[in-house]
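In the two complexes below, subunit A is the common chain; its partner is subunit B in one and subunit C in the other.
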Partner chain A sequence: MQKRGLIFYARMYRKILVQDLKSKMSYRADFVISTFGMIMTNLSGFVTFLILFRNFPTINGWDYYHMLFLYGFSLVALTPVQCFFDNNWNLRFMVQSGDFIKYCFRPVNVFFYFISEVFDVKGLGQLAFGIGTIVYAWVHIGIPVTPLVIVKLIVYLLTASLFMIALMNFAAATCFWIKGSGYVMVIMFRFKDFAKYPASIFSGIFKVIFTFIIPIAFIAYYPSLVILQPGNVPPLSWISPLFGIVFVYLSYKFWMLGVRKYDFTGS
Partner chain B sequence: MSNEAVVMKNVCKDFKVLNRHEGLKGSIQDLFSRDYKTVSAVKDVTLTVNRGEIIGYLGPNGAGKSTTIKMMTGVLEPTSGELLVNGKVPYKNRTENCENIGVVFGQRSQLWWSLPLIESFKLLRDLYMVPEKDYEEMIELYRSLVDIEPILHKPVRQMSLGQRTLSDILAAFLHNPAIVFLDEPTIGLDVSMKAKIRELILGLNKEKNTTVILTTHDMGDVDALCRRIIIIDEGTKIYDNDIEHLKNYFGSYRTLKIRRTDDTWEEYLIDEKTTDVMDVIMEKQKEKKIKDVKILEISTEEVIKKIYEGGAR
Partner chain C sequence: MNPKRLLAITRAGIMESLQFRLGIFVTLFANLIYLVLVYYLWKAIYDSSGTDVVNGMTFTDTMIYLILATALFNFLEMFVVWDMSRKIQSGALVLDLLKPMRFRKYTFWSYTGNHVVQFVLTFIPTFIVVMIVTGGAIPLGLNIVWFIIATVFALIINYNIEMLVAPICLFTESTWGINIVKETIVLLLSGATIPLAFFPEKARMVVQYLPFRAVYDIPLSILLGKSGSDTWQGLLQLFALQIVWMVVLTLAGNLFWNCAVRKVTVNGG
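So, the complex of A and B:
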């Protein structure tokens, strides 16, 4: 029997994605409206942010452009979860209606098969917005552009996105055990807003919570320090990629545990 | 490969259910209580399904049919007992098991909702790693059995229920699995579509020697497809034999149909061992005038009804 390895899954994902995009294009109105909606959401978030920080020039030593950088960083870091893992939002409906069982009948990984089904194009607008913001802030802060810094930026952006992916996996998988998992997801998704602020503004207990329990501080703050304060990077920032990988792995295991534990009662 | 597609030995499946209490006080109690009760969905079921058979797996709602199928497909783990599908333990080798089975579950389409059928087929071909040649052959076979052209380029979401069911069945056979599970495949379909689907299932079973395990409440399906039926009720197997045998068991039963002068038909099920058919007719005659009388053998539908009501136990 042939083995299904990483190459198989990568190729399969690409094929499903291409088909999905093709069919999405066929709903042109839907496509246009959702893109427009995404731009407006980002724009309003951005304007709120501008107004707020025009009036408070520094927060805990963070000036306007550093805050902007952090903001852009969190936007980019949220893109993968938005684009690739959006089907997590549908999980609880599928589980409650019993439709989820169809993902268990294919000879491929259930998580992969479920997640691959939806690719959300709207996330791309957010990505463009985030990159724009980063570049703008970057220029004003005057960080030198070297290949090393660029590599660091990419690595730590990916790291940051891992935490968001893991958080949403955990939140979505709670639906295998509890009925009100929608709230868990919404709360988790709201938490991401805190990621736009430097974790140093949170005091004591919150800092611990946001670092170790619900690690949203890793969604932008810790990883971005590598770029913003190259002379003074805390150890937590350096090891955050490792944390991110472990956290995603745990969230995946938790998700799959839910699938195995779930009763699939009714037909 | 051995001749057995499915072997079940003393398989049980229990579910833990929280004991719910009534009223507001009860609900609050439920929040904290760990008061579980065990519900046995499948109790000590032993059965064997041979290759190439079409089995009618019947039982009233909630009898444990779906639970059995979910165990066979590797989604649920049996609480106890031995279960082998194609010689393997399904729950322990879920992905491997899935390569050799096809599943159609009720009215739930498993195809990509927005894709044309042919694109879904191609994705499935890649998922199951079906060689190009086998894939082409299968599509040719489909062409010879049903008229697939009108649906091939249609997105699943635009299909009628019948077309969707047809598509799902075709998709389930696409990788030429050893066993196909069909859970109420003809539910909600019109007569001609039902006939078409039955013909297709028979054709595929004949061509590919695919084992088919069919659950249904439609005795038309059973009559058209199955020689052997297994009946389960309250988690226990209560019948496992040929349909003919079953009809013989109820051989003394007759369906008496009486037409009154106003052209309404009345139906009575009569056991000839205990009651004389002529007596009944005479009695009915006294009540009201009779225009026409028919005496029929017991239908499968009525046999099954009898069994559900406890006739064979």
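So, the complex of A and C:
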């Protein structure tokens, strides 16, 4: 297969995206209810947060507004995986039913074609909610607003989002080997709920596990420290973009390995 | 209805669930990791608060409560909403409607096998691990018997909530949205994400009487001897609440289903 440029893929993504949105528009009730559901989950997370802080004013030295910032940060960081990589949830059904074969017959990258097929609009609600939370917390903490800080914020938000993308790719790709592996995805998706707490609560061996093996600590904590504690940024925060890229690359390789291993069901 | 026939359905369900052994072990393993996460989070929270008891809950209480809530969640989880929407799309719903058994009854019993497997293979091991980690902080006595009864009631209430929500798919063609709304409401108001004891006083007064509490909070309170369940009067009150909701939801579910089933349109799949 010849190599194709980024422009080719970008143009194709746009075309597939338009088709997907058109098909979504034909289920308007579903769209409205799904958006409502997304708002509900975010509200519920927020209510849990408020109840927690009503009972406990600080957690591990983090006060209300710093925690709120971390919470907003995690919401924004989770948006790309929600919007662009949502088709991973369908992977196991496609593999089981054999429909997955259609992706292998196109002269484009299988991973790209599969992932580009679904764009999840309701993730945008979460993005808005997350940005609102960050701004609110930002004002109350009183972090100075300079162009450099904004650039840092964007870079590290993107960094943080890489880790969840990698995790979900890994989790989804397990279905090439394990039948009924939906559990793995559900569980990984639930671990993200812990991303909004400072990873400094972990100690010992679990600190290593939740930093390097199941990188929950990178989904919000380490990248956000660059903004929250500008005077005292741990080295792990600085090199997190590099880690993120490595993680995503490994997950992509793992996913593609699964594709190669995939033997088609006869039907 | 002959109980033997019902048990045959349960047995089929058990065998079906055992096909996914690996999935069960993954669930169990994930529960253990989850246990670690909950442990560290709440340890940090209690360490920062400076007191040992918050709203009548000690650190150990909270931890046991949340971990067993997760284990209960795995055990009670039913995919009625998903299964029904898939059956509507493929047309397989018709086959179930044609069975010589009431649809609601059949659906309920076809899930029981999975419940049995989940209870034995995920809930009990999680329970044992919690017992070991906390050094036997869960009192073992009559409360275990009451807990099992309350869990059966919780199962029925949960099924009825599912069956009230699932037919909505018949009208809206939305599955993800409906399911996520249901799950969010149930998990928050039942105390599965944060124990009800931490809710503000006024909110608790309302939540206390809602059916969601009967699914997670009541069985767990009974197990831990909280919410006045250590006296006969308190225990009876909790059971009464469960029974009232069980009856109300069963009736409502029946009515709604009978109404909704007439709307079913199956494309000649």
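One rule holds in what follows: the second predicted complex is superposed on the first by the 262 of 267 C-alpha atoms of A that agree within 3 Å, B and C clash if a C-alpha of one lies under 4 Å from a C-alpha of the other, contacts with A are read in each partner's own complex, and residues count from 1 in each chain.
To be clear about the criterion, a residue touches a chain if its C-beta (ideal position, glycine included) is under 8 Å from a C-beta of that chain, and two chains touch if they have at least 3 such contacts.
Not measured: the values here are computed from a predicted model.
Of the two partner chains, subunit B is the only one that A:Arg106 touches; subunit C does not reach it. With both structures placed on the common chain, the touch criterion links A:Glu117 to subunit B but leaves subunit C unconnected. Among subunit B and subunit C, the chain that touches a larger number of residues in subunit A is C.
In the superposition on chain A, A:Gln229 contacts neither subunit B nor subunit C. By the touch criterion defined above, A:Asn55 lies against subunit C but remains apart from subunit B after alignment on the C-alpha atoms of chain A.
With both structures placed on the common chain, the touch criterion links A:Gln96 to neither subunit B nor subunit C. Residue contacts after overlaying the shared chain place A:Gln19 against subunit B, while subunit C stays out of touching range.
When the two complexes are superposed on chain A, none of the residues of subunit A touches both subunit B and subunit C.
Interface of subunit A with subunit C (complex): residues 27, 29-30, 32-38, 40-41, 44, 47-48, 51-52, 54-61, 178-184, 187, 190-191, 194, 197-198, 201-203, 206, 210, 214, 216.
Those residues of subunit A that touch subunit B in the shared complex are 1-2, 4, 8, 11-12, 15-16, 19-20, 23-24, 26, 98-99, 101-102, 104-109, 117, 263-267.
Across the complex, subunit B meets subunit A through its residues 15, 65-66, 70, 73-76, 94-96, 98-99, 101, 103, 105-106, 108, 110, 112, 114-115, 119, 122-123, 126-129, 155, 183. Contacts from subunit C toward subunit A in the complex involve residues 19-20, 22-23, 26-27, 30, 33-34, 36-37, 40-41, 43-45, 47-49, 54-55, 172-174, 176-181, 184-185, 187-188, 193-194, 198-200.
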